[in-house]
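There are two complexes below, and they share subunit A, which is joined by subunit B in the first and by subunit C in the second.
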Partner chain A sequence: MNPKVLAAGLLAVLPLLAVLFLNLGRDPHAIESPLIGRSAPPFALTPAGGGPAVSLESLRGRPVVVNFWATWCVPCFQEHAVLVQGAQALAPGVQFVGIVYEDEEPRVLQFLEQRGSTYPSLMDPEAKTAIAYGVAGVPETYFIDAAGSVVTKYVGPLDSRLLAALVRKTRGGT
Partner chain B sequence: MRLRRPFLGALAAACLFGGAAAQAQVPPDASDAASVPSPGAESAASAPAIDPGTVVGPPRGQPLAAADLEARSEEVAALLRCPVCQGLSVADSPSSMAQSMKRQVREMLAAGYDRAQILAYFEGSYGEFVRLEPQLRGVNWLVWLAPIAGLLAGAAVVAWTLRVPRAAMSPGSGERGAAAEPAAESEPLPGPDTLPEDGRLAAYVLQVRESVYGWPGGHAPVANTPVAPSSAPEPAAERR
Partner chain C sequence: MVPALGRSLILLSLFLATVGTMVAFAAGRRPSAGGAAWTRRFAYGFAAAMAAANLLMVWALLAPDFSVGYVSQVGSRAVPAWVAVVSLWSSLEGSILFWGLVLGGYIAGATWVSRDRHPEYMPYATGVWLACGAFFAFLLAGPAQPFHTVSPVPADGPGPNPLLQNHVLMAIHPPFLYLGFVGMTIPFGLASAALLAGRLGHDFLRPLRTWLLLPWTFLTVAIVLGGWWAYEVLGWGGYWAWDPVENASFLPWLTATAGLHSAILAERKGVLKGWTVTLVLATFLLTILGTFMTRSGVFNSVHSFTQSAIGPTILAFLAVALLWSVALLAARIDRLSAEGRLEGASRDGAFLVNNLLFVLFTFTVLVGTVFPLVVEAVKGTQMSVGRPYFDKMAVPIGAALLFLMGVGPALPWGRATGDQVRQALLPPLAGAGVLVLIGAALGVRQPWTLLTLAFGGYTAYVTLRELWVPLRHRMRARGESVGRAFVEAELRRGKRRFGSYIVHAGAAVVIVAIAVSSTMGSSIEVQLGRGESVQLGRYTLTYLGSEDVAEPHRQSLVASVAVKRGGRDLGTLKPRMNQYETQREPIGTPAVRTSLTEDLYLSIMNVGPGGESLGLLAMVNPMVGWIWIATGVMALGGLIALAPRRRSPAAAAVPAGEARGYRAAVGSTR
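This part shows the complex of A and B:
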């Protein structure tokens, strides 16, 4: 083979192979949130069904688990049970908050009535809070430490072991 | 379509959101043609909006209204990627999430935030991924310069390829010809009557010339033109 052609081919292919191998261990679904390590965006939202607004500021002083969910999201069904159980087991040291993403309030109320809940689910008019948190789908869960900083974010449904591990990480960061 | 860099959109969508649905779900209307505002949002008590000023500082521009506001909203929304879509801008997407983002863009423009502040606000939530046009900094330069470099490299290859045969056709006419084909000066070029060294092949060539051109014995009927290689045997004699 012509050495010049071989060199040109290697020059074109090697950078692509390098990019491929360098990213082999990376999860393409994982989009790094710029909020990690920064103050969590504040919110003050009304719970589904009415009542006084719940603000992030009012929960300062203990870790907060903020879960974005919707009734049309199938993985949220299975995750809901995990969160309800987790909120019960970890209370009052850790506060759980659900924020409804792109959904209708009557459906949310029906869902909560059927499946029960141990933490408030807040309505998010015009998805402003979801936008502020950089939500791109549900379920997404943000773990906020007692000082109000985002420690980590998880995309997808949580199981009880993962939830416990991430809460532990959030507590350790305080 | 208002996508300024379709290739960037496709690349990022393939890399980042290729299988996102496996982990998290997007609203059911994300790919629908029609977008319906969330009734839940309307029925909920109005909540205080998150102040973008805490992220990007006080507004630096003039508050916009009416036609200016609409035009600028479209312009800025076209620069933002819809996070629940596949490579669509917020301006192009019919999803309710994109509509919410567009509404927020409009509100920020009406409050006097400029384009850079609005893009920075969304980037603060979603990261640089939300920009359809990555900023010219760091490794992003590659995205802008690599296509130009590829084009120049392609042009260089084409020019180099075209240069070789031209040089070979004009041996001894200059330095380029000599450099491209060093052997051209030392070896004579084949003439119209040159025969191959292989005797059998030479016989066939003569036969073909005779039948096609009508040349007697396959040789051109012009005085002192036949230039047969010294090693080639006389084809007619060989056949006899």
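This part shows the complex of A and C:
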């Protein structure tokens, strides 16, 4: 046994293993949002096609999934089907809300007519709500618990497995 | 039915590898012909079970049989047959299954080649290989199951990651990467066996070096294919970004290259045996670290980490392999004692400096890659180590290695007199001068690029001289023609030497091409209206218009740009912007016009409403094509050095006699 080799080897190997171990489960893609754990910025927006304004306040008491999307966003097409299905399956325990990002109302209405919807899509003039949430691009989805604080956010198109997992996480937080 | 059969094959391979490991270690401790034979049978059995499981999966992907879990994730009725086959390694579970196939193939091959040689090492080596095989079979049996049953059976599947369907290089790059990565298991096993046996004889250094050189050749090609793919598909104009995924493949390449060189010293002089073994162990450990870093995501997604459940399992394996290696080295390194001694100012010294530089390079890249994790673990904040760090470190080390590639082979072995050194080192300065003058005439002003040209010219001179000397010697001594002397001196007798210098020639061109292409290019970013033109160097680019193309998995915007050079019409280039359904950001696919001197590279930045205007990134990248060509030369050199030697009758008698002696000693019945 060569104690020098052993010591040098362990000195190189153990810190490396420790660092790797501590980083297990980290998602380098997750973009930290300063909103996580804080109360979600309030909004009161009119649905596409008109009608009474929907406010976040009025939805309190159950988890809310807020999805920012647009008709010019190709990944949103595929995600839309996932969200429509999810909203239907999880109703009425979880409320889904779409917020349209930088888009025109007639296009939005046409999109919703063609593809159907099971939850309201709200128009966001001048993107004020998107700015308040710090939306960097679409699609982006915020998960808000029953008490109104942001539990997590997801960047990019959701699939059904991910959606279910994040809703579960949101419910667990209440 | 198919899932159950697949699971049975995985369990069979797990059983064969586990029992085989135990049999092999028992046979290593108490050598017997029977034990060795049974060890080999388990190795072949493991390889066969893995091959069968892979064939079954390919069949299920082609069918497609959506009751198989992996097929339901990546299969699709809509994809062509070649995409279906490529899907085997397009996602996590399948890529581990493919790993098993490659590992099985290597184990069976290495076992067969040494079937009646090196009896004191081989059972241990096979035991280590099968232990690794058992780990991957375990992954397939539990954490990364490709053959789980899906019920109810879906009617269709999503198909593999669309990005991987983008370019045929993506079908070639992963298999090469696997052949490089997985192949490092073989020298790891051999090095472990040398430590377990407590000796590293001269006869055993040859297989060690050969089995290091084979995956090294694959890895070299794989790394460059990855860069080529990024260059042709991702549209940012470069081929290397020091991304962790890229570093993951580069790190083991560095230590393997160092190991190939120190093995030469060990073979010729009987020194640096423990060091060589350490480098070989480190190479394998870095492949596992790389696999952990990407969580097999190199193959699963492009330039990004993929979250998967096998991370902790691979980390556990890495920990075991690291601690095993450290313990083994500490216990046995003193037994691999040096038989000779090293001289300073000679080729010996150049080899030593070479090794130090490669290890420094490895350390630099490793630190840059792991540092963000350290910061994350300690401070909890995210950060990344950028290109400037890597470039700042890599440029001087790369230049020094290029220079050493000239100095080392120029110097004589052993002790050299001052006169000898001067005679060896001064004439190649002519090569350096010529290349610098050519570069300066063509407009190179950047000091590091000029220095690289000088070193490149120096090395080219030495390399060509070293290739020529044996030829000339034979032609003079025997009066042979050039062709005959070439066959006799380079291909028959000096094949390993000849191959090495071909590799050096290729490597020198690669380094020079990297230096020139990264400092001598020009680029512009412009907004062009329809019909407008812009000048870039000698090229005139005219935007003709764009069209939308819809495909099942993506929508593309294809721009047409007419290219003229000095008034001559070079046709139309069509860069495109692809929007995949599964990706948020659109991905530009550039149009590249490659020639021997330079590439014209066009990439879309944006397109105005109705295609009226085009935001265009246009680049002229000199010498990039030479990176791909010279890598082919390096691979060719590797293959020449690897080609089996045709033995003369006198030479063949020795190993055969040794083998007979062994059989007699251990009482073989064959």
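Note that the second predicted complex is superposed on the first by the 144 of 174 C-alpha atoms of A that agree within 3 Å, B and C clash if a C-alpha of one lies under 4 Å from a C-alpha of the other, contacts with A are read in each partner's own complex, and residues count from 1 in each chain.
Here is the rule we use: a contact is a pair of C-beta atoms (placed from the backbone, for glycine too) under 8 Å apart; a residue touches a chain by one contact, two chains touch by 3 or more.
Note that the structure is a prediction, hence the values are computed from the model and not measured.
Student: Check the residue A:Val13 against both partner chains and state whether it touches subunit B (first), subunit C (second), both, or neither.
Tutor: A:Val13: touches subunit C, not subunit B.
Student: Given the touch rule stated above, what does A:Phe21 touch, subunit B (first), subunit C (second), both, or neither?
Tutor: second
Student: Pick one for A:Pro75: touches subunit B only (first), subunit C only (second), both, or neither.
Tutor: After superposition on chain A, A:Pro75 lies in contact with both partners, subunit B and subunit C.
Student: With both complexes superposed on chain A, which partner does A:Asn2 reach: first (subunit B), second (subunit C), both or neither?
Tutor: second
Student: Count the residues of subunit A touched by subunit B and by subunit C, then name the partner with the higher count.
Tutor: Ranking subunit B and subunit C by residues of subunit A touched puts B first.
Student: Where does A:Ala165 make contact in the superposed view: on subunit B (first), on subunit C (second), on both, or on neither?
Tutor: It touches nothing on subunit B or subunit C.
Student: Contact-wise, after the overlay, does A:Phe43 reach subunit B, subunit C, both or neither (first, second, both, neither)?
Tutor: first
Student: Is A:Lys128 touching anything from subunit B or subunit C once the two structures are fitted on A? First, second, both or neither.
Tutor: Once the two structures are laid over each other on A, A:Lys128 reaches subunit B alone.
Student: Quick check on the output: what are the common subunit A residues between the subunit B footprint and the subunit C footprint?
Tutor: Subunit A residues touching both partners: 28-29, 32, 73-75, 137-139, 155-156.
Student: For subunit A, which residues are in contact with subunit B within the complex?
Tutor: Answer in residue numbers: 8, 28-29, 31-35, 41-46, 48, 50, 53, 70, 72-76, 100-108, 123-140, 155-156.
Student: Going by the contact rule at the top, pick out the subunit C residues touching subunit A in the complex.
Tutor: Per the touch definition, subunit C meets subunit A at residues 289, 292, 304-305, 307, 311-312, 315, 318-319, 322-323, 325-327, 329-331, 333-334, 370, 373-374, 376-377, 382, 555, 579-586.
Student: In their shared complex, at which residues does subunit B touch subunit A?
Tutor: Of all residues in subunit B, those touching subunit A are 15-16, 18-28, 38-50, 54-55, 83-84, 96-97, 100-101, 103-104, 122-127, 129, 157.
Student: If we count contacts the way the header does, which residues on subunit A are in touch with subunit C in the complex?
Tutor: 1-3, 5-6, 9-10, 13, 16-29, 32, 73-75, 77-78, 137-139, 155-157
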